[in-house]
(Lines give C-alpha, C1' and ligand atoms only; values in the text may rest on other atoms or scores of the structure.)
Protein backbone atom coordinates (compact mmCIF):
# COMPACT_ATOMS: atom_id res chain seq x y z
CA UNK A 1 0.00 0.00 0.00
CA UNK A 2 1.37 3.35 -1.07
CA UNK A 3 1.10 6.23 1.39
CA UNK A 4 1.56 9.90 0.42
CA UNK A 5 2.12 12.88 2.68
CA UNK A 6 1.57 16.54 1.81
CA UNK A 7 2.40 19.98 3.22
CA UNK A 8 3.46 19.98 6.88
CA UNK A 9 2.58 16.29 7.29
CA UNK A 10 5.23 15.58 4.62
CA UNK A 11 7.70 17.97 6.25
CA UNK A 12 7.27 16.48 9.71
CA UNK A 13 7.60 12.88 8.52
CA UNK A 14 10.49 13.86 6.27
CA UNK A 15 9.30 12.02 3.18
CA UNK A 16 6.68 12.50 0.49
CA UNK A 17 5.73 8.84 0.05
CA UNK A 18 6.48 5.31 1.11
CA UNK A 19 5.14 1.80 0.74
CA UNK A 20 3.84 0.19 3.93
CA UNK A 21 2.35 -3.12 4.97
CA UNK A 22 0.28 -2.55 8.09
CA UNK A 23 -0.91 -5.60 10.10
CA UNK A 24 -4.39 -6.93 9.31
CA UNK A 25 -5.75 -5.51 12.58
CA UNK A 26 -5.33 -2.04 11.00
CA UNK A 27 -8.74 -1.81 9.30
CA UNK A 28 -9.67 1.88 9.07
CA UNK A 29 -8.01 5.18 8.21
CA UNK A 30 -8.04 6.03 11.91
CA UNK A 31 -6.38 2.69 12.75
CA UNK A 32 -3.71 3.44 10.15
CA UNK A 33 -2.96 6.84 11.69
CA UNK A 34 -2.65 5.13 15.08
CA UNK A 35 -0.30 2.50 13.67
CA UNK A 36 1.82 5.08 11.82
CA UNK A 37 2.35 7.10 15.02
CA UNK A 38 4.09 4.03 16.52
CA UNK A 39 6.71 4.07 13.76
CA UNK A 40 8.80 6.91 15.17
CA UNK A 41 8.89 10.38 16.66
CA UNK A 42 8.51 12.03 13.24
CA UNK A 43 5.20 10.19 12.70
CA UNK A 44 4.03 10.92 16.24
CA UNK A 45 4.77 14.61 15.57
CA UNK A 46 2.99 14.62 12.19
CA UNK A 47 -0.12 12.96 13.64
CA UNK A 48 -0.06 14.59 17.10
CA UNK A 49 -3.48 16.19 16.42
CA UNK A 50 -5.23 13.43 14.43
CA UNK A 51 -8.49 15.40 14.21
CA UNK A 52 -6.75 17.97 12.04
CA UNK A 53 -5.44 15.37 9.58
CA UNK A 54 -7.37 14.83 6.36
CA UNK A 55 -7.11 11.60 4.39
CA UNK A 56 -7.88 10.42 0.86
CA UNK A 57 -8.05 6.91 -0.55
CA UNK A 58 -7.38 6.64 -4.28
CA UNK A 59 -7.99 10.37 -4.77
CA UNK A 60 -11.27 10.55 -2.81
CA UNK A 61 -11.69 12.24 0.56
CA UNK A 62 -12.42 9.73 3.33
CA UNK A 63 -13.27 9.81 7.02
CA UNK A 64 -11.33 8.20 9.89
CA UNK A 65 -13.80 5.30 10.05
CA UNK A 66 -13.43 4.44 6.35
CA UNK A 67 -12.02 0.94 5.75
CA UNK A 68 -8.64 0.80 4.01
CA UNK A 69 -9.18 -2.65 2.49
CA UNK A 70 -8.46 -2.57 -1.25
CA UNK A 71 -6.80 0.86 -1.18
CA UNK A 72 -3.94 1.34 -3.60
CA UNK A 73 -2.96 4.84 -2.43
CA UNK A 74 -3.69 6.57 0.85
CA UNK A 75 -2.77 10.20 1.38
CA UNK A 76 -2.55 12.24 4.57
CA UNK A 77 -2.51 16.02 4.61
CA UNK A 78 -3.57 19.12 6.58
CA UNK A 79 -6.82 20.99 5.84
CA UNK A 80 -6.62 22.40 2.34
CA UNK A 81 -5.82 26.05 1.63
CA UNK A 82 -6.03 26.37 -2.14
CA UNK A 83 -8.12 28.72 -4.18
CA UNK B 1 -38.57 72.91 -19.26
CA UNK B 2 -36.62 70.44 -21.39
CA UNK B 3 -38.21 67.06 -22.08
CA UNK B 4 -36.28 64.05 -23.42
CA UNK B 5 -37.66 60.85 -24.93
CA UNK B 6 -35.83 57.53 -25.32
CA UNK B 7 -36.24 54.21 -27.13
CA UNK B 8 -39.78 53.55 -28.42
CA UNK B 9 -41.16 56.62 -26.63
CA UNK B 10 -38.78 58.69 -28.78
CA UNK B 11 -39.71 56.75 -31.91
CA UNK B 12 -43.46 57.12 -31.36
CA UNK B 13 -43.27 60.85 -30.64
CA UNK B 14 -40.83 61.34 -33.50
CA UNK B 15 -38.37 63.52 -31.65
CA UNK B 16 -35.64 63.05 -29.05
CA UNK B 17 -36.22 66.27 -27.13
CA UNK B 18 -38.17 69.47 -26.99
CA UNK B 19 -38.78 72.46 -24.74
CA UNK B 20 -42.28 72.77 -23.31
CA UNK B 21 -44.19 75.17 -21.08
CA UNK B 22 -47.04 73.26 -19.45
CA UNK B 23 -49.78 75.22 -17.64
CA UNK B 24 -49.40 75.68 -13.90
CA UNK B 25 -52.15 73.14 -13.21
CA UNK B 26 -49.70 70.45 -14.40
CA UNK B 27 -48.02 69.75 -11.08
CA UNK B 28 -46.79 66.12 -11.15
CA UNK B 29 -45.07 63.75 -13.56
CA UNK B 30 -48.41 62.02 -14.05
CA UNK B 31 -50.11 65.33 -14.80
CA UNK B 32 -47.41 66.07 -17.35
CA UNK B 33 -47.98 62.72 -19.12
CA UNK B 34 -51.69 63.51 -19.23
CA UNK B 35 -51.05 66.96 -20.65
CA UNK B 36 -48.56 65.63 -23.25
CA UNK B 37 -51.11 63.09 -24.54
CA UNK B 38 -53.37 66.02 -25.52
CA UNK B 39 -50.68 67.42 -27.81
CA UNK B 40 -51.30 65.01 -30.70
CA UNK B 41 -51.79 61.42 -31.81
CA UNK B 42 -48.04 60.69 -31.64
CA UNK B 43 -48.05 61.62 -27.93
CA UNK B 44 -51.25 59.69 -27.26
CA UNK B 45 -49.61 56.65 -28.90
CA UNK B 46 -46.34 57.02 -26.94
CA UNK B 47 -48.18 57.32 -23.62
CA UNK B 48 -51.07 54.94 -24.36
CA UNK B 49 -50.00 52.69 -21.44
CA UNK B 50 -48.82 55.26 -18.87
CA UNK B 51 -48.08 52.59 -16.24
CA UNK B 52 -45.29 51.25 -18.45
CA UNK B 53 -43.63 54.66 -18.84
CA UNK B 54 -40.69 55.46 -16.58
CA UNK B 55 -39.63 59.04 -15.84
CA UNK B 56 -36.57 60.83 -14.52
CA UNK B 57 -36.15 64.41 -13.33
CA UNK B 58 -32.64 65.82 -13.61
CA UNK B 59 -31.15 62.30 -13.96
CA UNK B 60 -33.00 60.76 -11.02
CA UNK B 61 -35.79 58.17 -11.31
CA UNK B 62 -39.13 59.59 -10.14
CA UNK B 63 -42.68 58.33 -9.63
CA UNK B 64 -45.87 59.62 -11.29
CA UNK B 65 -46.78 61.57 -8.15
CA UNK B 66 -43.45 63.43 -8.00
CA UNK B 67 -43.82 67.22 -8.39
CA UNK B 68 -42.19 68.73 -11.46
CA UNK B 69 -41.65 72.18 -9.92
CA UNK B 70 -38.05 73.28 -10.38
CA UNK B 71 -37.19 70.54 -12.87
CA UNK B 72 -34.71 71.50 -15.56
CA UNK B 73 -34.89 68.23 -17.52
CA UNK B 74 -37.59 65.57 -17.51
CA UNK B 75 -37.12 62.31 -19.41
CA UNK B 76 -39.66 59.66 -20.41
CA UNK B 77 -38.67 56.16 -21.46
CA UNK B 78 -39.71 52.48 -21.40
CA UNK B 79 -38.49 50.05 -18.71
CA UNK B 80 -34.75 49.69 -19.04
CA UNK B 81 -33.07 46.72 -20.71
CA UNK B 82 -29.36 47.35 -20.33
CA UNK B 83 -26.74 45.11 -18.79
CA UNK C 1 -4.98 53.17 -0.61
CA UNK C 2 -8.39 54.34 -1.60
CA UNK C 3 -10.93 52.53 -3.71
CA UNK C 4 -10.91 53.18 -7.44
CA UNK C 5 -14.13 53.61 -9.40
CA UNK C 6 -13.98 53.60 -13.20
CA UNK C 7 -17.12 54.06 -15.29
CA UNK C 8 -17.13 54.24 -19.06
CA UNK C 9 -19.89 54.23 -21.67
CA UNK C 10 -18.44 53.69 -25.11
CA UNK C 11 -19.11 52.27 -28.56
CA UNK C 12 -15.72 50.51 -28.72
CA UNK C 13 -15.19 47.00 -27.43
CA UNK C 14 -13.09 46.48 -24.30
CA UNK C 15 -10.54 43.96 -23.08
CA UNK C 16 -11.36 42.33 -19.76
CA UNK C 17 -7.71 41.52 -19.00
CA UNK C 18 -6.76 45.19 -19.45
CA UNK C 19 -9.58 46.20 -17.12
CA UNK C 20 -8.40 43.67 -14.51
CA UNK C 21 -4.84 44.94 -14.87
CA UNK C 22 -5.97 48.57 -14.43
CA UNK C 23 -7.91 47.62 -11.30
CA UNK C 24 -5.10 45.63 -9.69
CA UNK C 25 -2.09 47.52 -11.04
CA UNK C 26 0.59 48.25 -8.41
CA UNK C 27 -1.66 47.12 -5.56
CA UNK C 28 -1.01 44.10 -3.35
CA UNK C 29 -4.08 44.38 -1.10
CA UNK C 30 -6.42 42.65 -3.56
CA UNK C 31 -7.14 38.97 -3.07
CA UNK C 32 -10.16 38.56 -5.35
CA UNK C 33 -11.37 40.04 -8.63
CA UNK C 34 -14.78 39.07 -10.00
CA UNK C 35 -15.76 39.99 -13.53
CA UNK C 36 -19.16 39.71 -15.14
CA UNK C 37 -19.22 39.98 -18.93
CA UNK C 38 -22.56 40.39 -20.65
CA UNK C 39 -22.38 39.05 -24.20
CA UNK C 40 -24.80 39.40 -27.12
CA UNK C 41 -26.52 36.07 -27.75
CA UNK C 42 -27.58 34.88 -31.18
CA UNK C 43 -29.25 31.66 -32.20
CA UNK C 44 -31.05 29.86 -35.00
CA UNK C 45 -34.34 30.69 -36.67
CA UNK C 46 -36.30 33.78 -37.68
CA UNK C 47 -36.64 35.15 -34.16
CA UNK C 48 -32.94 34.80 -33.30
CA UNK C 49 -31.05 38.04 -32.68
CA UNK C 50 -28.83 39.08 -35.57
CA UNK C 51 -27.79 42.36 -33.91
CA UNK C 52 -28.59 44.63 -30.97
CA UNK C 53 -28.49 48.41 -30.95
CA UNK C 54 -28.03 49.90 -27.52
CA UNK C 55 -29.29 53.38 -26.70
CA UNK C 56 -28.63 55.20 -23.43
CA UNK C 57 -29.52 58.40 -21.62
CA UNK C 58 -26.23 60.34 -21.59
CA UNK C 59 -25.55 61.93 -18.24
CA UNK C 60 -28.13 59.93 -16.34
CA UNK C 61 -26.59 56.58 -17.30
CA UNK C 62 -23.22 57.63 -15.88
CA UNK C 63 -24.88 59.11 -12.78
CA UNK C 64 -26.95 55.98 -12.08
CA UNK C 65 -23.97 53.68 -12.50
CA UNK C 66 -21.81 55.91 -10.27
CA UNK C 67 -24.52 55.99 -7.61
CA UNK C 68 -24.69 52.18 -7.56
CA UNK C 69 -20.91 51.85 -7.53
CA UNK C 70 -20.79 54.13 -4.48
CA UNK C 71 -23.57 52.10 -2.86
CA UNK C 72 -21.58 48.89 -3.46
CA UNK C 73 -18.52 50.55 -1.90
CA UNK C 74 -20.46 51.35 1.27
CA UNK C 75 -21.91 47.84 1.52
CA UNK C 76 -18.77 45.78 0.90
CA UNK C 77 -15.05 46.33 1.60
CA UNK C 78 -14.04 46.83 -2.03
CA UNK C 79 -10.73 48.10 -3.32
CA UNK C 80 -12.19 48.99 -6.70
CA UNK C 81 -15.09 48.81 -9.15
CA UNK C 82 -14.97 49.12 -12.93
CA UNK C 83 -18.04 49.24 -15.14
CA UNK C 84 -17.85 49.53 -18.92
CA UNK C 85 -21.09 49.54 -20.92
CA UNK C 86 -21.13 49.66 -24.70
CA UNK C 87 -23.73 51.49 -26.80
CA UNK C 88 -24.41 51.32 -30.54
CA UNK C 89 -24.71 48.23 -32.73
CA UNK C 90 -23.44 44.92 -31.37
CA UNK C 91 -23.57 41.52 -33.06
CA UNK C 92 -23.89 38.06 -31.44
CA UNK C 93 -20.74 36.96 -29.68
CA UNK C 94 -19.64 40.53 -28.94
CA UNK C 95 -19.33 42.06 -25.49
CA UNK C 96 -22.17 44.27 -24.26
CA UNK C 97 -20.79 45.26 -20.87
CA UNK C 98 -18.53 44.24 -18.04
CA UNK C 99 -18.58 44.76 -14.28
CA UNK C 100 -15.41 44.18 -12.25
CA UNK C 101 -15.18 44.18 -8.48
CA UNK C 102 -11.97 43.85 -6.47
CA UNK C 103 -11.63 43.11 -2.77
CA UNK C 104 -9.36 41.49 -0.24
CA UNK C 105 -12.03 38.79 0.14
CA UNK C 106 -13.95 36.69 -2.34
CA UNK C 107 -17.44 36.96 -0.85
CA UNK C 108 -17.36 40.78 -1.00
CA UNK C 109 -16.24 40.72 -4.64
CA UNK C 110 -18.92 38.19 -5.63
CA UNK C 111 -21.76 39.89 -3.78
CA UNK C 112 -20.87 43.37 -5.03
CA UNK C 113 -20.70 42.15 -8.64
CA UNK C 114 -24.13 40.47 -8.36
CA UNK C 115 -25.59 43.56 -6.72
CA UNK C 116 -24.24 45.83 -9.43
CA UNK C 117 -25.51 43.58 -12.22
CA UNK C 118 -28.99 43.33 -10.71
CA UNK C 119 -29.19 47.11 -10.27
CA UNK C 120 -27.78 47.90 -13.68
CA UNK C 121 -30.34 45.62 -15.34
CA UNK C 122 -33.24 47.25 -13.49
CA UNK C 123 -32.18 50.90 -13.05
CA UNK C 124 -29.53 52.00 -15.54
CA UNK C 125 -31.09 53.88 -18.48
CA UNK C 126 -30.08 51.70 -21.42
CA UNK C 127 -32.42 50.18 -24.01
CA UNK C 128 -31.83 47.37 -26.48
CA UNK C 129 -33.31 47.31 -29.95
CA UNK C 130 -33.09 43.90 -31.55
CA UNK C 131 -32.69 42.89 -35.18
CA UNK C 132 -33.88 39.44 -36.27
CA UNK C 133 -34.53 37.84 -39.64
CA UNK C 134 -38.23 38.50 -38.97
CA UNK C 135 -37.79 42.22 -38.28
CA UNK C 136 -36.69 44.65 -35.59
CA UNK C 137 -38.12 45.71 -32.24
CA UNK C 138 -37.34 46.92 -28.74
CA UNK C 139 -36.56 44.21 -26.22
CA UNK C 140 -39.10 44.11 -23.39
CA UNK C 141 -37.91 44.36 -19.80
CA UNK C 142 -38.16 41.26 -17.64
CA UNK C 143 -40.10 41.51 -14.41
CA UNK C 144 -37.62 39.13 -12.80
CA UNK C 145 -34.95 41.80 -13.28
CA UNK C 146 -36.95 44.07 -11.00
CA UNK C 147 -37.27 41.23 -8.51
CA UNK C 148 -33.55 40.51 -8.69
CA UNK C 149 -32.79 44.15 -7.93
CA UNK C 150 -35.37 44.32 -5.13
CA UNK C 151 -33.64 41.56 -3.14
CA UNK C 152 -30.87 44.07 -2.33
CA UNK C 153 -33.27 46.73 -1.04
CA UNK C 154 -32.89 47.46 2.63
CA UNK C 155 -35.95 47.38 4.87
CA UNK D 1 -23.50 22.45 -28.55
CA UNK D 2 -22.18 20.68 -25.53
CA UNK D 3 -20.63 22.23 -22.45
CA UNK D 4 -16.86 22.62 -22.37
CA UNK D 5 -14.83 21.84 -19.24
CA UNK D 6 -11.19 22.90 -19.10
CA UNK D 7 -9.05 22.17 -16.05
CA UNK D 8 -5.37 22.99 -15.80
CA UNK D 9 -2.87 22.95 -12.95
CA UNK D 10 0.31 24.75 -13.95
CA UNK D 11 3.24 26.79 -12.67
CA UNK D 12 2.89 29.38 -15.46
CA UNK D 13 0.69 32.44 -15.15
CA UNK D 14 -2.47 32.66 -17.26
CA UNK D 15 -4.35 35.38 -19.12
CA UNK D 16 -7.99 35.79 -18.14
CA UNK D 17 -8.96 37.33 -21.50
CA UNK D 18 -7.52 34.32 -23.33
CA UNK D 19 -9.48 31.98 -21.08
CA UNK D 20 -12.68 33.95 -21.73
CA UNK D 21 -11.99 33.86 -25.47
CA UNK D 22 -11.42 30.10 -25.39
CA UNK D 23 -14.70 29.59 -23.51
CA UNK D 24 -16.80 31.78 -25.78
CA UNK D 25 -14.99 31.23 -29.10
CA UNK D 26 -17.33 30.59 -32.05
CA UNK D 27 -20.38 30.28 -29.79
CA UNK D 28 -23.34 32.65 -29.79
CA UNK D 29 -25.40 30.94 -27.07
CA UNK D 30 -23.50 32.54 -24.18
CA UNK D 31 -24.99 35.62 -22.54
CA UNK D 32 -22.89 35.76 -19.38
CA UNK D 33 -19.34 34.94 -18.36
CA UNK D 34 -18.28 35.26 -14.73
CA UNK D 35 -14.62 35.08 -13.77
CA UNK D 36 -13.15 34.84 -10.31
CA UNK D 37 -9.44 35.57 -10.05
CA UNK D 38 -7.65 34.73 -6.81
CA UNK D 39 -4.61 36.96 -6.37
CA UNK D 40 -1.69 36.77 -3.93
CA UNK D 41 -2.01 39.53 -1.34
CA UNK D 42 0.97 41.26 0.24
CA UNK D 43 1.05 44.06 2.75
CA UNK D 44 3.24 45.99 5.14
CA UNK D 45 5.09 44.78 8.22
CA UNK D 46 6.92 41.66 9.38
CA UNK D 47 3.91 39.36 9.09
CA UNK D 48 2.98 40.46 5.54
CA UNK D 49 3.28 37.81 2.84
CA UNK D 50 6.34 38.22 0.65
CA UNK D 51 5.65 35.03 -1.33
CA UNK D 52 3.44 31.93 -1.38
CA UNK D 53 4.48 28.46 -2.46
CA UNK D 54 1.58 26.28 -3.55
CA UNK D 55 1.76 22.51 -3.31
CA UNK D 56 -0.88 20.14 -4.66
CA UNK D 57 -1.72 16.44 -4.77
CA UNK D 58 -1.24 15.54 -8.45
CA UNK D 59 -4.02 13.35 -9.76
CA UNK D 60 -6.39 14.00 -6.88
CA UNK D 61 -6.40 17.78 -7.43
CA UNK D 62 -7.48 17.36 -11.06
CA UNK D 63 -10.04 14.71 -10.08
CA UNK D 64 -11.58 16.85 -7.32
CA UNK D 65 -11.81 19.91 -9.56
CA UNK D 66 -13.34 17.85 -12.38
CA UNK D 67 -15.87 16.33 -10.00
CA UNK D 68 -16.98 19.78 -8.84
CA UNK D 69 -17.11 21.13 -12.39
CA UNK D 70 -19.41 18.24 -13.33
CA UNK D 71 -21.52 18.91 -10.24
CA UNK D 72 -21.84 22.58 -11.26
CA UNK D 73 -22.90 21.47 -14.77
CA UNK D 74 -25.71 19.35 -13.35
CA UNK D 75 -26.92 22.13 -11.04
CA UNK D 76 -26.89 25.06 -13.46
CA UNK D 77 -27.42 25.41 -17.24
CA UNK D 78 -23.79 26.18 -18.08
CA UNK D 79 -22.21 26.25 -21.50
CA UNK D 80 -18.71 25.93 -20.10
CA UNK D 81 -16.41 25.95 -17.08
CA UNK D 82 -12.68 26.70 -16.99
CA UNK D 83 -10.52 26.34 -13.90
CA UNK D 84 -6.81 27.12 -13.88
CA UNK D 85 -4.87 26.78 -10.62
CA UNK D 86 -1.21 27.63 -10.32
CA UNK D 87 1.32 25.80 -8.16
CA UNK D 88 4.85 26.76 -7.19
CA UNK D 89 6.13 30.11 -5.93
CA UNK D 90 3.91 33.16 -6.38
CA UNK D 91 4.60 36.72 -5.21
CA UNK D 92 2.07 39.40 -4.13
CA UNK D 93 0.06 40.80 -7.01
CA UNK D 94 0.36 37.60 -9.06
CA UNK D 95 -2.55 35.36 -10.00
CA UNK D 96 -3.11 32.21 -7.95
CA UNK D 97 -6.11 30.79 -9.78
CA UNK D 98 -9.12 31.59 -11.90
CA UNK D 99 -12.59 30.09 -12.27
CA UNK D 100 -14.70 30.96 -15.31
CA UNK D 101 -18.33 30.03 -15.82
CA UNK D 102 -20.37 30.68 -18.95
CA UNK D 103 -24.12 30.47 -19.36
CA UNK D 104 -27.01 31.93 -21.29
CA UNK D 105 -28.12 33.58 -18.03
CA UNK D 106 -26.30 35.66 -15.45
CA UNK D 107 -27.64 34.04 -12.28
CA UNK D 108 -26.45 30.58 -13.37
CA UNK D 109 -22.97 31.91 -14.15
CA UNK D 110 -22.71 33.77 -10.82
CA UNK D 111 -24.02 30.93 -8.70
CA UNK D 112 -21.86 28.30 -10.37
CA UNK D 113 -18.72 30.43 -9.94
CA UNK D 114 -19.44 30.96 -6.24
CA UNK D 115 -20.18 27.27 -5.76
CA UNK D 116 -16.94 26.26 -7.47
CA UNK D 117 -14.86 28.73 -5.44
CA UNK D 118 -16.38 27.62 -2.14
CA UNK D 119 -15.77 23.97 -2.98
CA UNK D 120 -12.27 24.51 -4.29
CA UNK D 121 -11.30 26.37 -1.11
CA UNK D 122 -12.62 23.59 1.11
CA UNK D 123 -12.04 20.39 -0.90
CA UNK D 124 -9.35 20.75 -3.55
CA UNK D 125 -6.00 19.38 -2.31
CA UNK D 126 -3.78 22.45 -2.48
CA UNK D 127 -1.71 23.91 0.34
CA UNK D 128 -0.11 27.32 0.69
CA UNK D 129 3.23 27.90 2.38
CA UNK D 130 3.80 31.54 3.19
CA UNK D 131 7.02 33.54 3.34
CA UNK D 132 7.13 36.69 5.46
CA UNK D 133 9.92 38.91 6.75
CA UNK D 134 9.47 37.11 10.09
CA UNK D 135 9.82 33.59 8.65
CA UNK D 136 7.90 30.94 6.75
CA UNK D 137 4.99 28.67 7.61
CA UNK D 138 1.95 26.85 6.28
CA UNK D 139 -1.22 28.88 6.05
CA UNK D 140 -3.97 27.55 8.32
CA UNK D 141 -7.36 26.67 6.84
CA UNK D 142 -10.28 28.91 7.74
CA UNK D 143 -13.32 27.28 9.30
CA UNK D 144 -15.54 29.71 7.42
CA UNK D 145 -14.34 28.11 4.18
CA UNK D 146 -15.90 24.84 5.35
CA UNK D 147 -19.07 26.73 6.22
CA UNK D 148 -19.11 28.45 2.83
CA UNK D 149 -18.83 25.09 1.09
CA UNK D 150 -21.47 23.48 3.33
CA UNK D 151 -24.14 25.99 2.23
CA UNK D 152 -24.24 24.21 -1.15
CA UNK D 153 -24.73 20.74 0.38
CA UNK D 154 -28.07 19.19 -0.45
CA UNK D 155 -30.21 17.84 2.37
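Lettered A, B, C and D in written order, each chain numbered from 1.
As a working rule, contacts are C-beta pairs under 8 Å (C-beta built on N, C-alpha and C of every residue); 3 or more make two chains touch, one makes a residue touch a chain.
A quick note: this is a predicted structure, and the numbers were derived from the prediction, not measured.
Peer 1: Can you name the chains that touch chain B as well as chain D?
Peer 2: Where chain B and chain D share a partner, that partner set is C.
Peer 1: Would you mind pulling out the distance in Å between where the CA atoms of chain B average out and where those of chain C do?
Peer 2: Chain B and chain C have C-alpha centres separated by 26 Å.
Peer 1: Which whole number of Å gives the spacing of the CA centres of chain A and chain C?
Peer 2: It comes to 48 Å between the two C-alpha centres.
Peer 1: Averaged over CA atoms, how far is the centre of chain C from the centre of chain D? Could you give it in whole Å?
Peer 2: 22
Peer 1: For chain C, which residues are shared contacts with two or more other chains?
Peer 2: Answer for chain C, listing residues that touch two or more other chains: 38, 106, 117.
Peer 1: Which parts of chain B, given as residue numbers and ranges, touch two or more other chains?
Peer 2: Residue numbers touching two or more other chains: 83.
Peer 1: For this structure, enumerate the chain pairs that meet the touch criterion.
Peer 2: In this structure, the chains touch in these pairs: A-D, B-C, C-D.
Peer 1: In the complex of these two chains, what residues of chain C are touching chain B?
Peer 2: 38, 54-57, 59-61, 63-64, 85, 96-97, 117, 120-129, 138-141, 145
Peer 1: Over in the complex, which chain A residues touch chain D? Could you list them?
Peer 2: It is residues 4, 6-8, 56, 59-61, 75, 77-83 of chain A that touch chain D.
Peer 1: What part of chain D is in contact with chain C in the complex they form?
Peer 2: 15-18, 20, 24, 26-43, 92-93, 104, 106-107, 109-110, 113-114, 117, 148
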